[in-house]
Structure formats: C-alpha cells, structure tokens
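All chains are identified by letter, namely A, B, C, D and E, in their written order; residue positions are counted from 1 within each chain.
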Amino acid sequence: MTQSDATMTAQAGGKRLLAGTSVPFYWAAVGVLALAGMLITDSYVQHVLILCFLWCMVAAAWDLTLGYAGIFNYAQIALFAAGAYATAMLTLKFGVPPVAAIIAATAITALLGLAIALPCLRLQGEYVALFTFAIHLAMPPLIQLAKGLGTGGTMGLMGVPPIKFFGLTFGPLNKIGWYYLALTAAAISVYVIYYVVLRSRTGRAFVALRDSANFARSLGINEFKYKLLAFVLSALVTGFAGALYAHYTSVVTPKILGNEFILLAIVMLAIGGIGRFPGAVLGAFVVTILNELLRDAGTYRLLILGILVVLTLLLLPQGLASIWERVSRRKHKARTKLKE
Amino acid sequence: AIVGATAPVTAQADTIKIGAPIPQTGPFASDGGVMEKAIKLAVEDLNKAGGVLGQQVEVTFFDIGDLSPDKLQAAAANLIDRGKSDFIVTGYGGFGPDIPAFCPQGVPFIHNDAFTSVVDMMNSMGCTSIFNASDVEASYGKVMFDQLAALGHQFPNKKIAIVHGPYEWESGLTKAMADAATAQGWEVVMNEEVPYESVQWQGILSKIREAQPALVHIEVLDAGLTYTFLQQYFDNPVKGAVVNAGYAASVPAFGDVVAQGKVEGVLGMTLSAQLPGPEGDAFIKRWQAAYNETPPWSLAAQLYDEVNMWAAAVKTAGSASDHAAVVKALKEMSFKGLTGTLKFDDKFKIPTSDASQPAFLFQVHDKALKPLMIGTRKTGDFVMPDWAK
Amino acid sequence: MQAESLHSGRTAAQVAAAPIMALDRVSKQFGPLKALDGLSFDIRSGEILGIAGPNGAGKSTLLNVCTGVLKPTSGALSFEGQAVAGLAAHHYCGLGIARTFQIPQIFSSMSVEENVATGALFGPTERLASGAIKDRVDEALAITGLASQRRQPAGQADLLTRKRIMLAAALATEPKLVFLDEPLSGLNGEEVDIFVALFRRLHSARGLTLVVVEHKVRALADLSDRILILNAGTLLCLDRPEAMLRDARVIDIYLGARNFA
Amino acid sequence: MTQFLEVIFGGIAQAAAYSIIAVGLSLVYGTARTLNFAHGALYTTGAYISWILTVGYLGLPLWLAVLVLIPILFSIGVAIETLMLRPLRGGKNWRVTAMMVTLGLAFVLDNANLILFGAVAKPMPAFIEGTVSIFGVTVSAYRVAVLIIALVIVALLEVFLNRTRFGWAVRAVAQDIQGARQVGIDVNRIFAFTFGLSVVLTGMAGLLLSPIFLISPQGGWEPFLKAFVIVVLGGLGSTRGAIAAAFFLGLVEAMVVYQLGASWTMPVWLVTLLLVLMIRPQGLLGKGQSEAAG
Amino acid sequence: MRASSISISERGTLLSVRDIDVFYDDLHILHGVSLEVGEGELVGVVGANGHGKSTLLKAVCGLVPVASGDILYAGESIRRRSVSELVERGLVYVAEDRRLFPDMTVRENLLLGAFLARGRGHEQTSLRRVFDLYPRLAERQEQLARTLSGGEAQMLALGRGLMSAPALLAIDEPSLGLAPKLVDTMLETIAELKNTGTTILLVEQSLGLIDGIVDRVYRLEEGIISGGAARAAMAMADHR
C-alpha cells in the first residue's frame, strides 16, 4: 500500500490493527479454502467447515459492533435467530422461494437491528449490554407466545426447504454445494466488513466514536447516524448468516437461543480477540473446530473447552489476534530493515 | 484437521458399526446417560452371544448436547458418512432436527421421540428407514386417562385440573387426556401451560385449590420443575384429590426424589418398560450386575429392545450393510422384546396396546414406582396417600 | 465602546468586522446552580478573544454551550447571523466551529496522522477528494509541527503531542472559529511560547477567529485582542488586555494582588 | 382474599430468595465492574457443596454445614479473583476479558459438576419440615424460614456496605482505583473480599433454595438470568436497588402467574425491564450520570 | 525563612531516593534518579512534561514499581511496602490528574482522605482546615465531584491529601488549571503546610512558580535528575 493510500483509506484503528492482512493475502487464504474444498471428501469435515464459515459471519458482524464501534451489543444471537426464523416462516408459511426468503430475512433482520439500536442510543455504555442481552432472553418466551403466528413455538419449524438456483439444489446432503455456498457468503461478508466498511470513512467514524465520543462529535461525526449504521450493518450480516443456517439444517428451533450457542459465540470473540482483525474470524474457526475435536471427550467436552478459554484469556488476554500481530509486526520490521 | 473426531477409527472389517446420537452434556444429559448404558448393555450381550451374523457390534456415541439442529447434522455426517454406521439408535434425537438429518441417508434409524409432529414429518418427508419404536403422545394421553379411570378408585367428583409444559409433547398429551376425560363425562376445570423457568407455583396452586378437582395432572418433561410443583402442592393439597406427575415421574432424573420418599403416593407413567416376568427380572438383574443400580423404568428396556430388534432384522436380512433389506425386515417383523411385542404400523410407529407395547401407570409406594396398570391390565392397587386424606 | 474600539483590534477591517458569533442572554443551569447567567457578547470575526476568570466561573461551560456540547437553558446563540442554539454538536463543526478540550482528547487506537485525517474526513459538510484531504492533513501536521511523528501511534503520545494532535485535527476541519479550552495548561515556559507562536500563525496566516480560555494570563494577554473576564457565570468585563490586567475588580477576584498589583 | 394473600406471599418468598443471588451479582458488578457470568454456576456449586456436607456424605447438621460452607465459599471466591481476574485487571479492555473469563469459568464449573455429581437432579431435605398458617394462608415453614433468613442476610449486607468504612472503600474502588490506592485503600483486598462475599451469598442461596428446587448441574442459569434482570432493573451496583427490584419482580411474577398464566412471566419481566431502562436509563435506583463539565 | 536556611545535616533526612530506575513495560522512564528530602523541607522537582516527574512521585509513594535502586523513608527501605502502609505512615501523593471519586460528593471525597487510622484521628480538624483554605469546597460540599470545574477539582485533590494527615506530601503540579490568584493561594497553602511541619516534595513545570517557596530544587530531564543545591540564599533574595 502506498503511503497516501495508507492515510486516506482510513483504516479503522490504523494499520497496526490490520497488520499482515493485506487484500491479496486475504483472497489467497480464501483461495486455499476453496481448493481445500475439492480435496476434502469427508462430509463430516465439510460440515464442520461449513459451520466455521457461518460462524465467521456471525463473529465478524459481532466484532463490528462490539469490537470496532464499541457498542456492547449482546443481541447478536437473537438477531441470528431472527434471520433464521424469518426465512423459515417465509418459506414454510408463505411459500416464498428460498432465495427470495433469504434476501427478505436479511432485510428484516437489518430492520430489527435498527429497532433495537434506536432505544440503545439513549442508554449509557454498560446498559446497552444489559438491554440487548435482555432482548436475547426475551426471544424464546416471545417465540412461544407468538406460536399463533407460525413460529412453531418450542417445537420450532421443521423442513425448511433447500436453496435452489441455476438448477442447483443445496439439500442437507449436498455438503460440497454448501461448502462453496457458505465459503462464498463468508468470504464476501468478512471482506465487506473488514476491508470495505472498516477501512472506509464510515469505519473511521466507528473507531473514532469508540475512542472518544466527545472529540469525534467535535470533529463533525454524527454519533447517532454512525452508531445506528454500525448496528444495522452488523444485523444485516448476522441475519444473512442466520437465514443460511436455517436452510442448511432445514430446522429452526429455539434451541439456538440456548446457553451453549451464545456462550460459544462469545468464546469465539474471547479467544480470537475483539476489535483486531482477524481475531474474531480466527476465533470462529478455532472454537468451532476445537469443539468438534473434543467430541471424543464426550461429557468432558465443555469442561475442557472452558479450561481452554480461561487459560487463553490468562495467557494472552488480547486473544489469538495478539500473536498474529506480533508475528506480522516482526514481518513488518524485517521488511523495513530490507528497505534500509 | 478433524481426523479422530470420533472414537473408533480402528475398526476391523468383521465388525458392524452402529451409531448412537445422544445428549451426553447439557440439560438432557441425565436421559442421555441411561441411553448410553442401555445401548452398551445390549451391544455387550449381543457380542457375548457371538455377535450379529458372527460379526461383533461396535457402537459409537455422538454427543448431541442441547439438541440444536446443527448438532444433528454433525451427528449424521459423523456417524454415517465418516463412521460408516449401519444402524442409528437413540432414545430421542432432538424431536425433529433428527429427521431431516438422518432421513436422506437411508440408514435404518430407530428413535423414541414419540412426537406426533415428528412422525408426521417422517411420513411427509417420505422417510422409509426411520422408525419410532413407541406410540405418540396423543395416544398416551388417552391411554393414561383410561388407566386412571380403570383404577377402580372412587373419585369424589369428576373434575380434572391439568398443568403442562410448553412442548408439543406435553400439550398434545394433555389435550388428548382432556378429550378422553370430557368423553367420559369429566369436567376439565383447568388446563394451563407453564414455561420451563417456572418456580413460582402459588398462583397456579391457588387456582387448583379453588377448583377442588378430584384429579390433578402435571405433565412437564422436567424432573426439577415437577418436583417443585409437587413440593409446593403438598404444603396445602386438595383433600381427596389424586395427583399424577405423568412421564416425569419415571425419568431417571426423578429417581432420587422417589427413592427419598419425597413424593409418596404420586402417580406417574411411562411409554414402555420391561414387562414383569422372567425376561424382565433377568434384565433388571443384568442391569444391576452391570451398573449396581436398578434400571429406571423409562428408556432402559426401551433402548435395549431397539438394539435387539435391529439385530434380529439384520439376521433376517442376512447383512447389516444391506440397509434396504434390514429396513424391509424391520418393517415386516414383529419382535418379541422386554417391553412387549414390537410391530411397526404403516406410519413407522408402534401403536400402544396390551398386545403390542403397553404403557405403564405407576404409583410411588415405599420409595419406588409400583406399576398399577400395564396397558389395560391392573397389576396393583391404588393406595390413597396420607397427605391427600 | 468608542474608546475600546480605538485601541483594540489591529486593523480597521477588524474593528468594523461583523460578529462571527453572538450570544444573547445565554444561561446554563445545573440544578440549583447558574453556571452561566444571562451572558451577552459578540465574538468578532478575525479576532483572538481571551476568556479568563476564577475557577468555576463557567468558562468550560461557556465553551460547551458555544460548541453545542451543552444546550443553553435559555438565551440565543447565533453564528454568522444564523441561530444555532438547538443544533446537535456535530453540526457546529460543519458550520466552521472547532474546539479543543481542557482534558486532551485523542483517538488512541489510531496513528497521529489518522487522528488528523479524521478531522478532514468529517469536518467539512461536503466530502473532499482524498487528494484534498491529504493536502489538508499534511498542512495541519506541518503547521502543528507533527509532520515527523505522523506515523506514531497516538496512544502513547505525551501531553504536548496530545495537545498538538487535538489542535491539528480541529484545524483539519477548516474551521472559521476555534475554541481552545486551557490549551497552555500543563506546558512549561518554552512550550507555552511555542503554542502562543503557533496560535499567532494560525490567526494571521489563516485569518482564524480564536477564542482561548486560559489561566496563564500573561500569555493570554499578549496573545489576545480582547479579554473577557467571566465571574460566577456573568460577564465581569470585556476589554483590551492591558486594561483588563489593571482592572481592580479583576485583580481582586481573579489575578490576585501579589503578581499583578 | 386468602388466595390473593397466598399469591402475594409466594411472590415475596420468591423475591427474597432471588435478592440474595442478585445482591451478590450486583456487589461484584458495583466494585469490579465485572459481570460475573459464573454467578449461577457458583450458586449450583454452593448447593452441591452443601449437599456433600449434609445429606450427601458428611451428614452434618444445618448450622454446622453453614459454618463450614461459608469459609469454603469465601476462599473459592478469593481464589477466583486473585488467580483469574486480578491478572487481567488494568490490561487492555480488561472489562470485556474479565467478563469472558467468568464465562469460561461457568463452563468449567457447570461441567465439572456434571461429571462429579452426575446429571441426575439431587433433592435436598428441607431443614425445617411442616407448614405454618399466616392469615389463613398455609405455607411451608421452610419457605417462611428462607424468607426471614434472606431478609436478614440482605439487611446485614446493606448495613455493611453503607454504614461501615469497608462499604465506603468498596464504593471508592468502584469509582477510581488509583484514587482509592492514594488514600490508602488496599484495592486488591477489596476486590478479593467483595468477590468472596458475593460467592458466599450466591452459595448460601444455593443452600437455601436447593430443598425448594432440585440441584442439577445446569440449575444455576435460571436463577442467574433472573438475578441478572433484577440487577439491571435495580441499577448496576446498587444493592438497595437490587432488593427493591427483586421484590417488585417477585410480586409482578406472582400476579402474572395468577392473572395471565405462567407463560407470561418472562415476557412481562423483560418488558418491565425494557420499559424501565427506557424511562430511567440508569435503572430504578442506579446513580445518574449528570452531563460532565469541561 | 528560618526553616529554609537550616540544612539537612541539622535536621534528619526523611526521604532518600537512591539511584532508582523505573519502567513502563519496556519504556525506560527514570534513569538512576536519586534525591534527598530533609525533615520539614520543601523540595521542588521541575522539568518539562513527559520527562518523568509524576513517575518519580508515584515511585516514591509506591504507586509504580521500582525496577532497581532503593527508597528510604525515615531511614528504612520502603521499596516493597504497600501504598496503604505508606499512607498510614504519612507518605501521601496528590495526583496531577486529581483521581477524585466522581460519583461521590465533595464531602465524601474529603472524608475518604481520612480513610486510614492516621487521618481519621484528626478528621474533624482537618475538615475544618480544608474548608477555611478553600471556601469554594465548603459551598459545594454536596456537589458530585464529577461536576466540579477544573480548578475546584484541583482544590479537592489537595484537600483530600491533607485529610490523610501527611508527614510527607508529594504534590504533582498543583497549579495545573488554577486561576492565578488561586495559584498564589495554593502556593501559600503549601508554604504554610511546610511551616506547620509537613515535609513536601513538590513537582512543577517551571521553576518560576515555586522559586519563592522551595528550599531546594531538582531538575528532571528525560528521566535524569540534577541540581538539588540549597536555595536558601536565592530564596531570600527573591523576597526582598
């Protein structure tokens, strides 16, 4: 990147935060995964990676609000569920074709994000966290109460139809298809969040507001507008991920609002490190894969996972991202040395 | 990266692999524990007896934790595509998510969800290899009320009060029960749904006392919840009223409560259990020998039967890997097991009846569940508990 | 008034100059306390207006009101003839009003240059081409003497640099009117001189109107065209520095006899 | 009328129980600004330990069990604080990392309990049998006892926090750690002590409530979530607020169950919460942030 | 004057900093700094900002760890002592950034100054003393500290320090943000404190301000200390 680019493509949080994650590097990584897709035949491995991709979207979107915009948003899984339920209800109750349903669901979730964000902007820091978490808690009972509207209550919604386009059908067994579908969705979402939004003027505003709201306002940054924007963008991606999840598993139940789900999501950010790309994304991969690797452990699985979380946080409080940064800082140093 | 995510990678050619997706962690772990024990026991016994078609059986367990949809997808991919299991067995596989996950695989799969909507989905999705080795909640609701009515107990009046959880299983069962009751001229004075986080029963109990019913039925698939209800009910019970704690009374998690005599005199039910008689007693001994505890009434014998029924089907089919043949055999055979004679109907479930797989009605007596009714057969006498007098 | 205008303001143009900002009976109430009590005065365009007064007189509050951080409880506030009292803080910047803070504020996770660029990115009402932004940033960095540190992470900057960054960012918004809240506090002799010189340069080179709140009175006096003394939220006097320094009331309540009598 | 009283009493008894848990949560939040996600798991752990002490193995009488339990719980709390939270404190965005560590801890405790004690819910005997009748309302003596004990505990805590120098120190630390050190407050000791105290509170709640609910590995989450709502409603870090909120919600719950049906409880709780946050962003009794000067 | 003309040798040394080094992670701030403060002395440390003055005071008061070297207070090493022990023994730090308790009232902030036994002893007298010194605080007793103006906050900070009944008061840039008149008052206060027997270590930006009141001055530049000669003569000259 030329010096002037570096300045002007207002990288959120400065070059340091994006060290060693240049655009070509990113697409190279995506390319490797794409190739891997051709080599992997074991459908279980495929499944796990599909989950990784979906979780990447959730984690990245969450990182956008929690890490970069500094909004304590804990309604993330609620929004994920909203996306999943929206598409499930649209396809099952109203016979909307899946692709259209997914688009609609994404939009609906974005609107929901807006609806949640509006009151949040009246609240002080931590209360945003509590408010949004309360919304998360409110979901299952509301779903049960709204059974009449076709939420399927505690039972959930079964048989969400597979996505079809260009004559391709993405059924539960079409793991290869899903692998590439999810990979594409994730690659684009993550790219948009970290390389487009966060490096744009908008991303600069998010970080500025996070670091010092007073100063940011005095420089003409519209706090209301940008906080809202951060929330909506994040909700959009999250809803998209949720919708995909619904079609992938073809089932939506309130179970996705249970403890394990949100805890895992938080653990991803914890292990990855928030507000420091590619922390959250790494976190999504590591945790999802770890969680499957630990299957053998049976009853001990979650115990071990918990211990790992605690240790990671104690040994590297900034998450894996900090290692990443150290490495790439060294690379950077090396490079500058060469120049001299 | 994920190589070794399942237990046995070292499997000789002459073993038959079967997979068991069960909840080993999370809120359902207590049932999962029993499923695991029962399946292990069945497999052990099969292998001791020389295996199936001379091949040893090897079981892989897969934790489906909180039963969230992707876990069942994972289970299917893991146990079938990678574990190469020829048979999938479980107590309950998530009440729904298991069907789309396993249906397309064509591998024989026996579960015990006992959910009308699950059975409907099995059929609407045209699954030909998934079996529900019991009846569905609606039937049990009716059967249970008939059993209560057949107790020969003189109810002071014909009023029934019902409290049930939010699951369709609970609401479906109690609805059927209420219908049965009204059909027999009873009045349903209350049929209220409660969420799982309930701990505050005063309001509901007041309503019950107000109605003064002769029969109080609570159907919540959660031992703790049922227990808190009973506890608070006992503080000020309705005189002369019979209390039925439904299925929860027979789940493993309720065992200690029963054993400590905290719920003496309460009624309960289960879908299927080892019938009395030599086989049943042998099974109990076998279980005690293996785990030095008496088997719980629910899930233990049920899963033992599921495994053995499959083994029998394999014998008829002549090969475990010929899934179509095994499925065909399962569909056609009528298997004499611990819980009765298992014969699937055209909806791939087993209609409960004395002839097939009868439901049990218990009463807690001397810190244990005593069968009062097995199907329509009376096997014990109802004793009016002191607290109700 | 006559007398005043004769001596004050350096050029005739400035004397005539219309007020860039005007306050009319502005009050700010905090519970029982009237932090600002019916203040009325003009800020002339192109002048350097010093504001001083006892601690707790309401100087910061005044700045917060003039820059939209706080809404006046009553009274009118106009900028270039347009009423601005109700507007949200970020609009003020678009109008050409910038400020710095008594406690230095920076974006700690950005580099020095990114801090400044943020001002250029959001300050102007209409977006600038990245070329234009770059020029602005370079200029702001140059004039505040940060050019050499542009790459450094702002988080570890010391007080002086923080003040510079804050000012540079404010300048990058191309303001017409800049409010500075105690810009010299915590600076030693040489540093004070550096900053005073810097303000002069801004004033002359850019024709900026500066409003400076400061307790370092001598520096303030030699910087400002006029000085406003605030006391308990009211205007005690608004006059040429020399006059102010000799004013008995000011000495009594603010300057203290020892150094100024 | 008696029914109404029954309902009200039920609500109050419930609320008292919640308030012990909530106050503990609020205490730690108030000082260390850490939302302790392991609070529920610690509640369960407390219950299991008391199970071991009483019916489980040692068969101690209640009073003795309590005497043994308190120091155990306290040292657990202190250990967690010193080993897991202190190292993080002061680090970059430590509040988030601290919260996440407690989350990890919750995983560990939950599943450790699952493995150690099995998934099967454990009943505890009520330490006081029988029922009493108040204004013609028959209630179990034990629930009355719980109510009284809870009120006493909470009252003691209130006095402790607002009348003692320790309470002052707690508030000082909450507001400015270095400032607190400058006036000679041993900050680390305060953190350790409050965390220990909060574990004692939640653990005691575990002991008190286990005869009413069964003890099960996941059993802590329900109380935790309710305590959470209470703490938010009461205003973060305000014990008094937490107590008020606990009783308010307890009664609301009782009335809702009686009038609308139990499935409305959680929605009504949360709607109340959301409304309160809208009207009073700092909770019922939380301290207001007035606009800052300068 | 009399006090200032007396040299350390006649009075005992209260504080003696011996060749200390201080780091913030890998940032080396203080390089082998040494200084001496005698009983009842008023010693100044001046230096441009960012050069380590605050760090020095914090190190002395146990608020930041000392990597090497030693600090003696009343003859014994306090390098490993906890801050509360030091406060209890009268070694009190008044921070440049005030470190008040924002959501407590002015009064509560002051009372917390007397948290330890030492201060609690003279709580009421100290309180009265602070209120005569700064009537403004008396007026604002019930106002929340967060809403104080810059200067008021500074007064409260020093007031809170006094509440601990200090034997050695380490004051960091007290003039920061104060009106000129108040700067005088502040310095007079400090001089008076000294005369009432409190030993003072005073940090300021520039000598100019404190020239008149200090006995001796050290200069701290980029973490290296120099000066420290008795300034009695010069101080007298100043006052003529």
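The criterion applied here is as follows: contacts are C-beta pairs under 8 Å (C-beta built on N, C-alpha and C of every residue); 3 or more make two chains touch, one makes a residue touch a chain.
Keep in mind it's a predicted model, so treat the numbers as computed, not measured.
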Seminar exercise, completed: Chains in contact with chain A and also with chain E, listed by label, are C, D
For this session: Check every other chain and keep only those touching both chain C and chain D; list them.
Result: A, E
Exercise. Hey, how far is the Cα centre of chain A from the one of chain C, in Å?
Worked result: 43
Exercise. At what distance in angstrom does the C-alpha mean of chain D lie from that of chain B?
Worked result: 36
Exercise. At what distance in angstrom does the C-alpha mean of chain E lie from that of chain C?
Worked result: 32
For this session: Compute the distance, rounded to whole Å, between the mean C-alpha positions of chain B and chain E.
Result: 76
Problem set entry | chain A, residues touching no fewer than two other chains | 141, 144, 259, 275, 299, 301-302
Exercise. Which residues belonging to chain B are in contact with no fewer than two other chains?
Worked result: 25-26, 29, 166, 195
Exercise. Can you list the chain D residues in contact with two or more other chains?
Worked result: 111, 114, 218, 225, 263, 265-266, 290, 293-294
For this session: Under the touch definition given earlier, write down the residues of chain A that touch chain C in their complex.
Result: 4, 7-8, 10-11, 13-17, 201, 204-205, 207-208, 210-212, 214-224, 275
Problem set entry | Interfacial residue positions of chain D with respect to chain B in the complex | 3, 6-7, 9-11, 14, 111, 114, 118-123, 125, 131, 138-140, 143, 212-214, 216-219, 222, 225-226, 250, 253-259, 261-263, 265-266
Problem set entry | For the chain C and chain A complex, residues of the former touching the latter | 67, 69, 88-94, 98-99, 101, 105-111, 113-114, 117-119, 121-124, 127, 130, 133-134, 137, 153, 166, 169-170, 173
Seminar exercise, completed: chain D partner, complex, touching residues on chain E are 61, 63, 82-84, 86-88, 92-95, 98-104, 108, 111-113, 115-116, 119, 144, 146-150, 160, 164
Problem set entry | chain B contact footprint on chain A (complex, rising order) | 42-48, 51, 141, 144, 153-156, 158-159, 171-173, 175, 245, 248-253, 255-256, 258-261, 289, 292-293, 295-296, 298-299, 301-302
